[in-house]
Every structure is written in C-alpha cells, then in structure tokens.
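Below: one structure in structure tokens.
Per-chain residue numbering starts at 1, and chain names A, B and C are given in the order in which the chains are listed.
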Amino acid sequence: MVTQVENPILEVHDLTVSYQSKPVLWNVDFSLPSGSLTGIIGPNGAGKSTLIKSIMGLTEKNSGYIKLFDKPLSKVRKKVSYVPQRESVDWNFPTSVFDIVLMGRYGHLGLFKRPKQADKEFALECLRDVGMEEFKDRQISQLSGGQQQRVFLARALAQNADIYFMDEPFVGVDAATEAAIIELLKKMRNQGKTVIVVHHDLQSVKKYFDWVILINMRLIASGPTETTFTKDTLQEAYGGKLTLLSQISDLLSKEDIPTRQG
Amino acid sequence: MEQLLHFFSFQDPIIRNVILGTILLSISSSLVGCFTFLRKRSLVGDAVAHAVLPGICVAFILHGEKNLWILMIGAFVAGWLSLIVIDLIANKSKIPEDSAIALVLSVFFGVGTLLLTHIQHNPSLSSNAAGLENFLFGNAIAINQQDLYAFGTIACILLATITILYKEFILVSFDVNFAKTIGFPVRVLELILTTLTVLAVVIGIQSVGVVLMSAMLITPAATARFWTQKLNVFILIATFLGVISSISGSFISYVTPSPTGPWIVMILSLIAIVSFLFAPDRGIISKLMKQNAFKQKVIDENILKALYQLGENEQKSDIQYSIKELLNKRPMDESVLSKGLYRLTKERFLIQENDTWQLTPLGKNKGQRITKIHRLWEVYLTKYVQIAPDHVHEDADSIEHILTPELEKKLEELLEYPSTDPHNTTIPYKK
Amino acid sequence: MNTFWIILTGCLVAIPCSLLGSYLVLRKMVMIGDAISHAVLPGIILSFMITPSFDSPLVILGAGVMGVLTTFLIEFFSQKGKLPEDASIGVTFTWLFSIGLILSSAFTSKTDIDLDCILFGEILNIPLQLWITESGVNLGPSPVWFLGFVNLIIVSFIILAYKELFITTFDKAFAIAIGISAGLWHYLLMGMVSFVTVASFESVGAVLVISFLVTPASTAYLLTHDLKKMLLLSVLFGIASAVGGYYLSNYLDSSTSAGMVTMGGILFAIVFVISKKLKTA
C-alpha cells in the first residue's frame, strides 16, 4: 500500500534508523508529491518523530538516503523548515516572542550577520498570520501552550520555506488554536507549500490531511488519505508490533553491534 | 621491601591511624556514594563537601579551639544547610538545578575561605587554629587516636543505618515513583540518605580535603558499575575498591613521601579509567573489540556464503575457486578477503590448494545456513513488513549474521518453511 | 592607587566570567565549567615547571589544553562508556585535580609554586607586577593589560556571535536544521570558558572562578526575561561583587577573591528574597 509518485518533493529511500543501536525504523521507503498536506500517523513509539528528525539530519541513519527537491538536505536547507516538539525547548528562556520568530530568518543570514529591517518586518508579518501580533513583546515564559505553538509556527513561516516538517503541533493546544493552525496549514498548502505533520489523533486525520503515511517501526502505507487511511491499514499499524521484528531489534541493541558491514 | 613490612606491621601509630582512618572513610563514602550514584545525584556530594568549610570555621570561631566534635557538628550543620538551599533555589525559582548546585557550593566555599583567611590573619584566633587548613586539601597524617574514635562512631552509625534500611534505600534509589505508590515514606528516606552523605563527608574531609572528597563518593560507585549488573555485587565492589585505594594510596604517600588524599584519589581514578576502558562487556575497548570481532565474523560468513552460492550455481559444491572468482561473486577489499580466507582455512572451514579454496563440509554447512537465513529474511520482509522484493537484499545482508538459532527456528516456523525466496531462488535447508 | 588596580582586576575577571556564565546557566552546563576550573591545575603546574612565571604563554597554553581535554574526557566517558554525565564530571575533574596536587607536592621544593596562590589567587600581588617599558614609562600592572585583552576577545565574541549563541542555546535541533553547527559553538564556548578560567586564576584562583561564572549570571536570570538584559545585568552584578567584595575582605582582613565570591552570594540572596516577595505580592 505504498503509492510512489513522479517527481517527488521528498523521497525517502530504504531508510533504517537506530536509537542506541536499536532499530526504530526499518527500511522505510516512500515519496511525497509537492503541494500536499500530509499526516504521519502511527502508535506511540512507532518512530514518527524519528522519521522527521532523520529527514532533518538530526538523527544518524544506518542506511538509505533522503532527497528533498531531488537533492540532499544540505543543498536545499533554505527551502526546508522544521518545527520541533514544543516541549523540546526551555520556555523559561529569557527572550521575547518576536526574537523567537526572528530566528526563522537566521538561516538566510550569514555568519555573524544581524537581521535587517526587512527581516524584522517579515517576521512581524508572520506573527500577524498566526494571530499573535499583539504578543510581540511578550516574554515566552508567559505564553500558554497554544500560544507557544503559534510562535513556533510563526518562526517556521518566517523561514519562508517550500516544505515544512512539524512534530506534533497539536499536542497540548486548545481547540481554538488547533482550528486556527489547521486553517493556516491548509492555506499554506493552497499556496503550493508542502506540509508534513506528525499526528496521533486518528479522529481528525480524514478532516485534516489529503495524504497520509502510516508507520509502526516499518512503513505500513503511504498515499492519498481516502484510499490509504482504511480499516485494514489502521489495523496493521495499531494491531501490535511484529514480534520477530522487535525481538531482533532488541537483540541488536543488546549486542551493541553495527548493523551494517563496513 | 623493608618499607612495605614496616608499613603493614602497624607498629607505627601514625601509620596505623592513617590506614584505619582512610579505611573508615572509604567504606562510608563508597557505600553512600553507591546510592547517590544510583539516584543520579553524584554532584550533590561535591556540593556538600565544599559547603562544610564555613561550618567548620564558624564552629571554630564560636568555640575558640579545635575540638573535633564541635567542628564536625559545624560541618554537619553547614552541609545540611547547603542541601536545603540548593533545593530551595532549584525548586522555587527558574534557576536550573546544576546552576543551583554550583552556586551554593562555590558561595559556601567562598564564605569558608573568607572565614578561614580571617582566622589565619587574626592573631587572637590563629594561635589555636593550627591544622584548620587541613580541611581544605586534607592531611591524613594529622589523624590521631581521638579522631579515629570519632570517625569509628560515625561510620558505625552510618553502617547500621544502611544495613537496617538497605531494602528501602535500594528501592528509593532505583524507582522513586514505585516506592511512593507502595506507601514508602520516600521523603523521610531521602532525608536519611542525605544525612548519611553529609556524615560521610564529615568523616572524610580532614583526610582528603573538600575538593577530593567528591571523588571518594563518586568514583568507587562509577567504577563498580562497569563490573556488574547485580546490585549487591555493585555495592560490594565499590566498597572494596574504596578500601584498596585507601591502603595503597596511604602506602605510596608514606614511601614517596607526599600527601595521602591525592594519592588515594589517584589510585581510585586509575582503577576507574582502566575499568572504563577495559572492563569486560561494558568497557569502551571491550565494546570496540566486540564490534571488531563482529566485523570479522561478517566478513568470514560473507566469504563462506559466496563460496556456497558459487557452488550452488554449478550444482556442485566441491569445486575450488580463485580469489578472482570470489571477488567477482562478492566485491570486497582484496586484502580483507585474503585475510578472511587465511582465517577460515586455519579454522578448517576451507581447504587451500595452490591459490584456490574449497569448502570443507563444516564450511559448507555454515555457508548453507547463512544463505538460508538471508533468503528467509527476504521472505519475511516482503510478507510481513511489506517491503518490495527489490529492497530487501541489503537488510537481509546484515540480519543473516546476527540471527540466533532460536530466532532462526522461529522464523522458519512462522514462514512455514518456504521453498523459494522473493526472487524465486531455492532456499537451502539442511538435509 | 593599589586599591584601584585591585578593584579593576576584579572587574576585569568578573566581566567575561559573567557573560560566559550566563550561557553556561542557560545551557545547563555549569558543572562542566566547574570541572574545567579545577582540572586546569596540573596544566598550570606542569608549564610552571618549565618556565617559572605565571605570565608566560606556556602557562596559558598548558591550562588551555587541560580545559579542552577535560571537556573531551567528560564527553568520552559519558557517551562511549555510558556513564551518567554527573558521575563522568565528578570522576574526571577530581582525577586531574589530584594529579595537580601530587605534582605540586613533588615539585614545590624545587620551584616556588605557591599552591594557595593558584587555587585562591593573590589579587593583592597584581599591582606589584608593573609593566615598565624600556624607556622607563610605567604602564601599570601587566596582568591588568592581559585581562583587558581577554575582555576584548570575550566581549567581541559575545557581541559578534550573539545570534549563533542565542539559537544554539535556545533550540539546538532548530539550529542544526537550518545549518548552524551546534557542536562547533559548544566547543567554541567551552574553549572560551577554559581561556577565561586560565586568565583569571592568578587573580582569583582556579577554585573560586566557578563562582564568578555562575553567581552573577544566576542573579541576573532571576530578574529578567530578556537575554540581552540578562547579559548586561550579570556584568553589573559581577562588577558590584568585585567592588563590594574588596571592601568586605579588607574589613575582615581575609582573602580578597573569597570576599568577592561572598559578596556575589549576598547579592544573590538579596535578589532571591526580593524576587520571591515581588511574586507573592
């Protein structure tokens, strides 16, 4: 149940990733069309976050390759945006909402270069897009969960990328924020951007995404939502782990051995 | 030799005091250190060790002379106070715990140094203060009979507490939340453990000084962790290492002559570093060696597999092949291949004739097994993991080397002994 | 005049320490700074044995090498050996420190190393080390010039690399994703910390440097939600500790650097209590 596409914006080829020599993703192989709003779906510990982290080069991969716009990530960084999980940073950090959003421009600036007026105006515009303009000078420690997520989203918008990877943007946010975010994501898709979201609420999958990737240690399915997000594929993704596969991955982690020769 | 005999004859009271004192110290601190290590609070011991200095100085200023018990009470109070302040700062403000620890230890130590230098520069105080600076870097030689009695008493209290509350301490260090759910007085137990840490520091500080005291707490436990997975053994090894280092450190400092504390820590650290590198199983070098051995195994098995599959093509197995033919079948570095061939011949998996090699029955068996697992795994990946047949080869190439006989059997049963792999090649079973 | 030079020296130690310390606090890596400051001891003593002068570049080099080695060893043991990081820190710095103590006890008889001076500093001696040019012009104490140079480097590092330090400290994953190397900036920062530790030990001692790193930065952190203000405030608190500490230790006739550390602690305590009061009010 893997629909491969022509001229993919993202191509993941035979990707195997281990965490402390225990494989968490096994031979994942799929491609994504440009201009889609994609959900990465799977149970807890299925490797959803690991998948986008390895696409962003944040975790080392054992084998396989990843191409964005038919090029390796290092060649196209400016066209790619990443939104980490909200909990991954310290929200007590002494800084303001605006400074966080401005970070989105850093990738376009050189070493030691300061953001220019144009960068600041653009960042402000992005803050407006997520409805947080009046919070511009607020300290980030004073934000609610939903507001924090909007700030992260604004930072991603400020990157002005073509493809966006978001790790669990709906976790711990209020219903209003969730609705506003999905509205924004759909708007982005309609402008031709590609958005990939790690998501775990099965209820809303059909409503939100036009493409889904189902994983559970291995790729279960990848394709348009209506044909891919079915009872069968769901059963497979959530129907428990493959015992043999997890036994072997336990063995690999216990032996602490390199998975590949050479 | 003479020095050795003299040292261990215990006739010299100074030597006897040093040895007994450092043994008491190392037993107490290694034991307590095991629990702080397990609770991942190693650096708290460091903080307490620095923080007792102002307590000692204040006790001295108030009392006016160097009475060990009074100084120890001062040290105890200051050590305790420092832990309370760390908790207060870390829990009641946004300052991270490590900053709170560093802040408290350095400020307490700064205050201690301030008071100590004040005492030393003040004629009315300094006349009685001789030896107070021993608390900074330690001076085991200064341990006298009275100190020993004091240390012994405290060490006994400490040992008795640990013996009585052993089970509880283990649980609290291992899984606080579980301990809470089964109704343990976790808070009280943590307080007792903290008190024991302060006590161990109080015993040790005169012998090894504030900075090195943390080594006495941390290093034995960190080292013992590399030698065992069993908790009781872990604690025993840590204590043993502490005692050994104390005796040998004291000996070296007696022979050279140089300060005792640094030598004890030096020995302890050397044992630690050797363990980090060479301990079987967990040591860094052992791990590297294991990985190397595995790499060799992979190469050997790949050669046997290649030879087996070459024979498979020609329907015969007792054919000799040259290096060139082998490299054609499976490209690899030629020097790696010839080393592998040499190993395999020595281990009687192959027979060499001129420049050609042939599988022995033993080698054939192994080649057959590897080939079988490779193909079975390809079947498994296509059937159960939904991976396209043209993507399974690489993964099978690594799994074939690690599958245990039990998992191999499970795999066969799960797949019900298929006769061909996804590429329609026959899967060879043992006849 | 001596008072002026001593206070100036204190301030010149406090400024770079407070700035770098702010980042250590925010990155939760203060204890590595503590380890570095202890572990430079053997480096200092070894190089001192070769050229018996605190001013020589060799001492700076020796201690700098030890600082980087410490950072590396801590990471090596915790990553390759799977030792918890705090234990790795504790084992590493006590080991290097004990080497330093053994070396100093073995060689003090041959050279004039003063262990107390290395560990607690002798800021009172600073004004005596005058830098007099060949034509006889008195340029003031040479250590002050050296510390001034250190300040120039650290302050320009903090200003120039503000953006990079900010992003790698706040959100490492995002920084890596947009192509800023978190590892490079980590080592640069730690290198700077070693450098400052080494530059400061002559005046405030290797053991007390950690307080100059952590105390003003923590005090500032309590008061502000703005990184730039935090950096500025920490410098102010650092300077205030240095000035106040000088008079405190003068009054008590005791170690100057310990006085500065104590003053820093007092300022922290006051700010801590006031900020609690403000929050409850």
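Here, a contact is a pair of C-beta atoms (placed from the backbone, for glycine too) under 8 Å apart; a residue touches a chain by one contact, two chains touch by 3 or more.
Values in this document were obtained by computation on a predicted structure and should not be read as measured data.
Asker: How are the chains arranged in terms of who touches whom: line, ring, star, complete or other?
Answerer: complete
Asker: Does A-B or B-C have more contacting C-beta pairs?
Answerer: B-C
Asker: What whole-Å value do you get for the distance between chain A and chain C if each is reduced to the mean of its CA atoms?
Answerer: From the centre of chain A to the centre of chain C is 40 Å.
Asker: State, to the nearest whole Å, the distance from the C-alpha centre of chain A to the C-alpha centre of chain B.
Answerer: About 37 Å separates the centre of chain A from that of chain B.
Asker: Let me have the rounded angstrom distance from the C-alpha centre of chain B over to the C-alpha centre of chain C, please.
Answerer: Distance between chain centres, rounded to whole Å: 30 Å.
Asker: Two or more other chains in contact with one residue: find those residues in chain C.
Answerer: 221
Asker: Residues of chain B touching 2+ other chains?
Answerer: Expected reply: 94, 287.
Asker: Quick check on chain A: which residues sit in contact with 2+ other chains?
Answerer: Residue numbers touching two or more other chains: 141.
Asker: Mind pulling up the chain B residues that touch chain A in the complex?
Answerer: Contact set of chain B toward chain A: 94, 287, 290-291, 294-295, 298-299, 302, 380-381, 384-388, 391-392, 394-395, 397-399, 402-404, 407, 410-411, 414.
Asker: Mind listing the chain C positions that touch chain B in their complex?
Answerer: 24-25, 28-31, 33-34, 38, 76-77, 80-84, 86-91, 94-95, 97-99, 101-102, 105-106, 115, 120, 207-208, 210-211, 213-215, 217-218, 221-222, 248-249, 252-255, 257-262, 264-265, 268, 272, 275-276
Asker: Hey, which residues of chain B end up touching chain C in the complex?
Answerer: 37, 40-43, 45-46, 89, 92-96, 98-103, 105-118, 120-122, 137, 211-212, 214-215, 217-219, 221-222, 225-226, 256, 258-259, 261-263, 265-266, 269, 272-273, 276, 282-284, 287
Asker: So in the complex, which bits of chain A are touching chain C?
Answerer: Per the stated touch rule, the residues are 53, 56-58, 74, 77, 80-82, 84, 88-90, 93-96, 99-100, 103, 106-107, 109, 111-115, 139-142, 155, 159.
Asker: Which residues of chain A touch chain B once you look at their complex with the stated criterion?
Answerer: 1-2, 14, 16, 26-27, 29, 63, 92, 141, 218-220, 242, 244-245, 247-248, 251-252, 255-261
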